[in-house]
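Paired with subunit B in one complex and with subunit C in the other, subunit A is shared by the two complexes that follow.
So, the complex of A and B:
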């Protein structure tokens, strides 16, 4: 009996392995080898002259240089990190609000859904950088600013405050253009919330506001983690990102492959740490999927 | 007199309208203001979303005179179709469109076939090293492309694949390439949300593991597959980064990778000198031309999305992208 069980288990494991076998090959050839190679050359000086490559081991020199000698790296690193730290919560909160609105049933919903997805269709590549680079985004904000903050009000409030508001608005354009996929993810999460939860809450006399905090947010929290991680990774690894262009410059323009590898590893280590931190912090807030359906059954 | 007769009839007409019915069904008087606020909020935000797109479309129809005439802001005096003919020529549209279409088509097909296959293995089976392997998939999502770009380039250079489309296509068969790990993750998620009962029934009826996947599991999640198709299509179409690294011949580049050329011609014109490429095309690259070029590049995606939109939204609503 026992041997048979292990036999079918073994057969199942083999089948599973068959399914992922392309990925094993891919991981070895296109991922693990490049990763190890890049890590290896980051500890030295790797040069290619006419097809022949040489390598000289230097230990941590490249990593030290990044912080000691290269002032450009640290400044870019700081701005990219602070930008991401400020933008990520803004994108997450904004896209959640929009998704909650779009999830309600009202005439014209389809139109708004298309509109909010437009930047994603246009803007994942070079197009966005041209359009935003031509200050088209800022112009849009200037016009929207007129609607949100009339000129008279701005003068009344004084320059420091309006300057603050304006940097905030400038950031918001970026936030808007980045929130296509997060809105989609949140919409999908909201759709999966069981309607009976809301209905029973309504019977108990809960207001919309209470339902938002007691039902919607807890139920959407697993998606929230996914969105946060997606936004963080998206903003850190975006090809238009200043840090990422700097790696490319170091490697392909200055031919300093080792240094480029070293700083990109510092950067990657930071992202990994950051994502790990998010998981650790969010763990306490995430609503576990297992407990809720059981409680629901008891109630109804 | 006439008016007072017409008004109640008009009101009755309004009452039959969808909008009015919706209002009367859903709203008490206080709530109207809340809904109104939502509409205004959504509209203002929508305006900021649409503005760059409108700007692009409108500017692309403007002649140079209109561009510098401050009195012409939203409505150009005439439709300046030369912008489009110049942009068409500069982009080498027919050729590079076909290249882009090929790369996108191949990309979407490979993503859906290969990543679903791999994702199914992760969702349904237990085997030695599964967690480690899945960790690799996550790691490949998190890692910036540039970290491993050089070794990857060297691999493809050693295989003498650079200058062909192979570096862009072959990794995709193995679940890598453009955002491959992300698609594996998505498909795993789709299959995890699918009840196993259907597949178990198929197994009892004698289906092999591959047949169960191909005939039962994959068709069952087809609403979710549309989501991945749209995402893959948009990402592949707009991808200009890796193609411009591996394809050293300008004749082989996909459409979005041609945009930097137009932009460069535009920039050099702004600097005062007429760029060689611009004069070759026999055109002055104005902002209108640049915007026309951008519009021509994004237009195919917009058209295809318009067809897939309804299915896409259905897929979003039905598929559990998150969870677990």
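So, the complex of A and C:
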């Protein structure tokens, strides 16, 4: 009897592993091996000459060079980090507001959802960089600014203030282009909140504002963590990011694979630290479902 | 003022409520409307430019809306650019084939994997999930160089496989699928097993329909990233006739005759054609994506 149980168990495990194996193989070949390899070559000098590769171990030299010799790296690093620090909270708050709005039941909801996703559809693609490269994107943006801030008003306000408003508008545009996926993630989180929670709160005389702080935000906090992590990683690994462009330049133009690997590891270590910090800080704020039994919803 | 305070509580409350509600919705609608204009602007500009005749494209200062729309840019794209080495439609075909293959592969691998991992829970599944979570935080650019070596080593260099295979087992997609599969109650699977359903049958006929919203999300995200990917074709492909739309776009926009102003219109038309499928796919899938879990009826 016992052997039979383990036999079925083993068969079950084997079957399960068969199902997972395509993914495992893919991950090994295109994630795990490349990661280890890039870590390995970062500690030396890796060169390819006519299909043959040579490797010379140099220790921490590449890592040291990044901070000691390469001035470009540290400058780009600083700008990218400051930019991400400013943009991440903006994107998170903005997409949460939009998601709460889109979660309401009103006519034309589907249309609005598609429209809000448009910048993401266009913005991640080559189309947008073509538009920007040909200055038409800028042209369009100028027109957008013109609509919001007419010429007469601009002249009246003076240049410093106008410049301020324009950086602000530029920021908004950027935030907007990055908010597509966060909005979707928040929406799926919002749809998971049990309606009866709101209903019972309403019966108890809670205002919309109170419900936002006491129900919506705590219930959506696990998704919020996911969104923050997504936004941070997205903004750090965006192709248009100066840092990423710099990696490419080092690797494919200067053929310095090892140095490129080393600086991308420094960068990655920083992201990891940053995300870890977010996890640590957010831990206290997250409403965990695990404290209550799974799939048992609060009913009133 | 004092009069108003003296009115009964419930009436005042009601008035307050009404006032608050309308103000809120008015502000919200205005806010959203402004943002919608912001979001739509690039697309509207793109559509208008694609239909502009040459003299309107070259006009200074540029006009936002098209006056005399023509199809010239599109016919230029298909007819005159076809006389060059690779016809434009070939790029469209390449993009479609690689993207559809990537999407299909991703959905299949992720659904099967998540099913095996969650339902069977084999040994080492904890390790797999740890690797997946670690991979979530990785920027793909860290691994780009070794990735290139793997692709070359497997003999996929300069083939469609190089655009498809590396993108099938992506941690983020797997993670998403795994989360959703966890929501499926075990009792459902047990019931199917008792009824004598085989494992593959359960996976495709019981689990997969329940995962529809997650699959829709996966399709949208994979389609967009694969369709818009301009990096892999640039790195992995040499033959011009195998390249995809994003690369073709850069060729059309910045080819040999950059000064050739006729290209501007063609570029606009090509950009529009490139942008359209992602918009169509998202619009078609968005209601399914949004149903996410509310739909599954198991929560």
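By our rule, the second predicted complex is superposed on the first by the 240 of 300 C-alpha atoms of A that agree within 3 Å, B and C clash if a C-alpha of one lies under 4 Å from a C-alpha of the other, contacts with A are read in each partner's own complex, and residues count from 1 in each chain.
By definition in this document, a contact is a pair of C-beta atoms (placed from the backbone, for glycine too) under 8 Å apart; a residue touches a chain by one contact, two chains touch by 3 or more.
Computed from a predicted structure; not experimentally measured.
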(request) After aligning the two structures on subunit A, examine subunit B and subunit C and state clash or fit. (result) clash
(message) Applying the document's definition of touch, where does A:247 land relative to subunit B and subunit C: first, second, both, or neither?
(response) both
(request) Identify the partner contact of A:107: answer first if only subunit B is touched, second if only subunit C is, both if each is, neither if none is. (result) first
(message) Touch test for A:213: subunit B only (first), subunit C only (second), both, or neither?
(response) neither
(request) Using the superposition on chain A described above, determine whether A:55 touches subunit B (first), subunit C (second), both, or neither. (result) neither
(request) For A:285, select first, second, both or neither according to whether it touches subunit B, subunit C, the two together, or no partner. (result) neither
(request) Examine A:67 and indicate which partner it touches, taking first as subunit B and second as subunit C; both and neither are also allowed. (result) neither
(request) Kindly list the residues of subunit A that each of subunit B and subunit C touches, one partner per complex. (result) 12-20, 22-27, 29-35, 37-38, 41, 98, 101, 110, 112-116, 118-122, 124-127, 130-131, 134, 136-137, 139-141, 143-144, 147-148, 172-173, 176, 181, 184, 187-188, 191-192, 233, 236-237, 239, 244, 247-248, 251, 257, 260-261, 264-265, 267-268, 271-272, 275
(request) Note which residues of subunit C are touching subunit A in the complex, please. (result) 20, 24, 28, 32, 34-43, 45-46, 49, 62, 64, 108-110, 112-113, 115-117, 119-125, 128, 131-132, 135-147, 149-150, 154, 165-166, 168-169, 171, 174, 185, 199, 203, 217, 221, 224-225, 227-228, 230-231, 235, 245-246, 249-250, 253, 264, 267, 271, 274-275, 278-279, 282-283, 286-287, 289-294, 299
(request) Within their complex, state which residues of subunit B touch subunit A. (result) 18-19, 22, 35, 38, 41-42, 44-53, 55-56, 114, 117-118, 120-122, 124-128, 130, 133, 136-137, 139-152, 154-155, 171, 173-176, 180, 184, 209-210, 213, 231, 234-235, 238-241, 256-257, 259-260, 263, 287, 290, 294, 297-298, 301-302, 305, 309, 313, 316-324
(request) State the interface residues of subunit A toward subunit C in the complex, per the touch definition above. (result) 12-27, 29-35, 37-38, 41, 98, 101, 110, 112-122, 124-128, 130-131, 133-134, 136-137, 139-141, 143-144, 147-148, 172-173, 176, 181, 184, 187-188, 191-192, 207-208, 229, 233, 236-237, 239, 244, 247-248, 251-252, 257, 260-261, 264-265, 267-268, 271-272, 275, 295, 297
(message) Which stretch or stretches of subunit A touch subunit B in the complex?
(response) 12-20, 22-27, 29-35, 37-38, 41, 98, 101, 104, 106-107, 110, 112-116, 118-127, 130-132, 134, 136-137, 139-141, 143-144, 147-148, 172-173, 176-177, 181, 184-185, 187-189, 191-192, 222-223, 225-226, 233, 236-237, 239, 244, 247-248, 251, 257, 260-261, 264-265, 267-268, 271-272, 275, 289
